[in-house]
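Each of the next two complexes has chain A plus one more chain, namely chain B in the first and chain C in the second.
The block that comes next holds the complex of A and B.
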């Protein structure tokens, strides 16, 4: 039982940043670090992982692995775990990553820590900090089974380059890898020039104070000036001004950008749970008593319809 | 078609979390049916209204308190319930084993659940249940069509929408945006009291994880708050963004 494996999160060869975050984190444990990548034409990605310290790159190629599917991926990684016996396997806490890790953990009758925000891994032992109640509390979980399995929240761990050998290993394709039982009929990418909410450096959110699509337009223009993602509180989602996938809070997404700007958001507990861990928080709200100001580094008591356009003009100067 | 819905009793999402003796304090907290599970219950009821589902069985595992979540689902329109009595400290593995055992006895065509619970946020249990039962699964769905022994669902995936097809029986987990759950009617609440709920013991399973510590995140301190003319306020905020946060202007 040795080595930390990082399962590469990619689509059509585009590697998600969380992969490099996991590699950087894995380097800290002092054990051998390997990137594990499944797909079609993915072998050539090896130097990308070596740049972030991967000593080895396990590359599995094949049509059946072209896109994520639970059956083939689980069969393949179980065979590899049995052959190479890693100490720990890390996945991204993403749509595919948590699907993969959960099904794998059950197949191995093993424990799994999901949505991890801090990790300590040593031989045979994994201690993971998780945000529970959407970040209102934290729990530290010990995994008592082997290998140690976890899914890592994107955007929490830093990225640092460090040279690794990146030696490519091509394991045999497992016997059960043809057992596909989910047929992905279609993937429609979200058409947006803006970054993904959970990966953005800056998030600009609008709430009830936006009053309607006109107010949302104001915050969208502001967001685009900063190359920011747009988010919303429950009020603006329930009113239909923004899609549910943009909801920040306990029944939406948890974000931790460098800067979070809350516009017309009062700061209900369930919203605060989704954004309080942002590095810097600014708020614009007409109500001086709004709870959002209790967590804001810079609060402006004022009308977003007046303040935000002036702010945009000021920033453009 | 028989539909089985897994529900969990959780804290109200507006609840403030505090610790007592190193554990999450539950005194005085309003308990609700996990919002993601509530959507799964509504989805099942809509399938029944369309004539696709004949019977809806709702199952929960935990302490006696979970009975309230079952009664809420029955009041919304589910037909009967199963309460699995299990140590509330059971982890995702142990809960999945207990739920899967009860589900297997029912032999359903479709298992619905919320994709995540608003308390522990693990999003593991539905997928683990599918693995135990050998069923395919689809997670985080925002729409569902059942026809010809197959389920086709759209899911909220990272960076887009994914449409997936599986054969039944299957486990399908909901995103909150799938539907708008109904409020139980007074008649529904009265009827729910008479609907049968079986209580069964949990299948034996040891935890695979151990929670060693609970803590609260460091409280964020309030910083500057200004109340000035919009142009002055905007200039000060812009200055802070440029010089303290050091934002990049595109």
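The block that comes next holds the complex of A and C.
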């Protein structure tokens, strides 16, 4: 039982930033760090992981691994865990990451900590912190089953380069990896030229106060001048002003940008759960009593239809 | 189609209070149906309204699942009957134990499809649905934002980080649905009154053949987070100096 594995979150060779965050974090435990990558033509990505300290890169190639599918992925990683016996395996807390890790944990009858925001891993023991009750409390949990399993919240851990050997290991494709019970019909990118919410340095969000698509347009223009991602509260998503993939909150995406600007968002607890760990929070709201101001560094009591265009005009100068 | 919907009883998180020592007080937090499980109930009702069949509700936990208001509340939303697996050993059940109990129960009840919310609004571990599917050895998928029946199969949409995945699953299956799959209906007085007459079956762990009820994840501590020191500067209006001050902060954080 040795070494920390980081399961690489990638699609068509585009590696998500959380992968590097996990590698950087894994380096801290002093144990050997390996990146584990499944896909098609992924071997060549090894130097990317070496840059962030990966001593080894387990690359599994095959058509069946091209897109995430639980059956194949779980069969494959179970075989690898049995052969190489890692002490811990970390996954991104993405939709697929949590699907994969939960299924694996059940298969191995092992404990799993999801959406982890702080971790300490030693031989045979993992101590993890996660937010519960919509962020009202932090729960510390201990896992001593083997291997130690966790999904890591994107954007919480820092990224630091450190040279690793990045030696490529190509494990055999496991028997059973071809048993696919779900057929992927199609991937439709939710196209946006803006940064992805969980990876963005700056996020501008709009809520009920946007009153409709016109209000959203105002905050989008503002966001684009800042190079920001656009998000929304439940109210603006349910009203159809923004796509579902843009919801910030407990049931949507949890964001950790340097700057979060909440426009016309009152700050329900479910929304706060998705953004309250942002470094600097600014808010524009007409209601002085809005809960969003309790978590804000800078708040403007005012109408976003007046305040935001003024900001836009200034930024354009 | 025989659909089982799983739900959890949770405290109203907005009313959980923080004690001086950082521990939590639930004195004013009423028990409620976990919000996102209501989306699963609604999804089940819509499915059965479209293709026919029945919806059964299922929950597992300690004595608080007996709460008669909550039993009525779930049944008023459409399910025709309710199963409870009540056992004091389930008071602090972790995801594995919860999944194991649900798996045993749904196997007894019989199903074509099990629907769960993506996560419970208290711990939001988002594991139970997936683990349930694995235990049952049937197709299971999370992040389901649309379900379309297609003969004996289902077409599923998943809203992922930056794409929408469409896939096809065979039944039986387990799905964990997102909170934005639908807008839930509020039951009317007629539904609430009818709910009181629907059949409720109560089992304990012994009845469904569960002997061991230990956790795989140990809770070490639960405390309120240290408050991040926010500047909490609040200005009123949109005068030029205030906008300039706002911009100063924005520019500082952009660097």
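Keep in mind that, in the parts below, the second predicted complex is superposed on the first by the 316 of 317 C-alpha atoms of A that agree within 3 Å, B and C clash if a C-alpha of one lies under 4 Å from a C-alpha of the other, contacts with A are read in each partner's own complex, and residues count from 1 in each chain.
As a working rule, contacts are C-beta pairs under 8 Å (C-beta built on N, C-alpha and C of every residue); 3 or more make two chains touch, one makes a residue touch a chain.
Just so it is clear, the model here is predicted, and its values are computed rather than measured.
Visitor: Report clash or fit for the pair chain B and chain C bound to chain A in the combined superposed model.
Guide: clash
Visitor: Which partner chains sit in contact with A:133 here, chain B, chain C, both or neither? Use first/second/both/neither.
Guide: The answer is both, since A:133 touches chain B and chain C.
Visitor: Check the residue A:110 against both partner chains and state whether it touches chain B (first), chain C (second), both, or neither.
Guide: In the superposition, A:110 contacts both chain B and chain C.
Visitor: Answer with first, second, both or neither: which of chain B and chain C does A:217 touch in the superposed model?
Guide: Neither: A:217 stays clear of chain B and chain C.
Visitor: Under the stated touch criterion, which partner chain does A:85 make contact with: chain B (first), chain C (second), both, or neither?
Guide: It touches nothing on chain B or chain C.
Visitor: Contact-wise, after the overlay, does A:316 reach chain B, chain C, both or neither (first, second, both, neither)?
Guide: First partner only.
Visitor: By the touch definition above, which chain A residues appear in both interfaces, chain B in one complex and chain C in the other?
Guide: Common interface on chain A, chain B vs chain C: 16, 70, 94-96, 98-99, 102-103, 105-107, 109-115, 127, 130-145, 181-190, 196, 202, 226, 244-245, 250-252, 258-259, 269-270, 276-277, 280-282, 288, 293-303, 306-307, 310-311, 314-315.
Visitor: Which bits of chain A are touching chain B when the two form their complex?
Guide: 11, 16, 70-71, 94-96, 98-99, 102-103, 105-107, 109-115, 127, 130-145, 181-190, 196, 202, 224-227, 244-245, 249-252, 258-259, 268-270, 273, 276-277, 280-282, 284, 288, 293-303, 306-308, 310-311, 313-317
Visitor: Given the complex with chain A, which residues does chain C contribute to the contact?
Guide: Against chain A, the touching part of chain C is residues 11, 13-14, 16, 18, 24, 36, 94-96, 99, 118-119, 121-127, 130-131, 133-135, 139-143, 145, 155, 158-170, 178-180, 183, 215-225, 228, 230-238, 242-247, 249-250, 253-254.
Visitor: Tell me, which parts of chain B touch chain A in their complex?
Guide: 11, 13-17, 19, 24, 35-36, 91-93, 96, 118-124, 127-128, 130-132, 136-140, 142, 152, 155-167, 175-177, 207-217, 220, 222-228, 230-231, 233-238, 240-242, 244-245, 247-250
Visitor: Which residues of chain A touch chain C in the complex?
Guide: Going through chain A, the ones touching chain C are 16, 70, 94-96, 98-99, 102-103, 105-107, 109-115, 127, 130-145, 181-190, 192, 196-198, 202, 226, 234, 237-238, 244-245, 247, 250-253, 258-259, 261, 269-270, 276-277, 279-282, 288, 293-303, 306-307, 310-311, 314-315.
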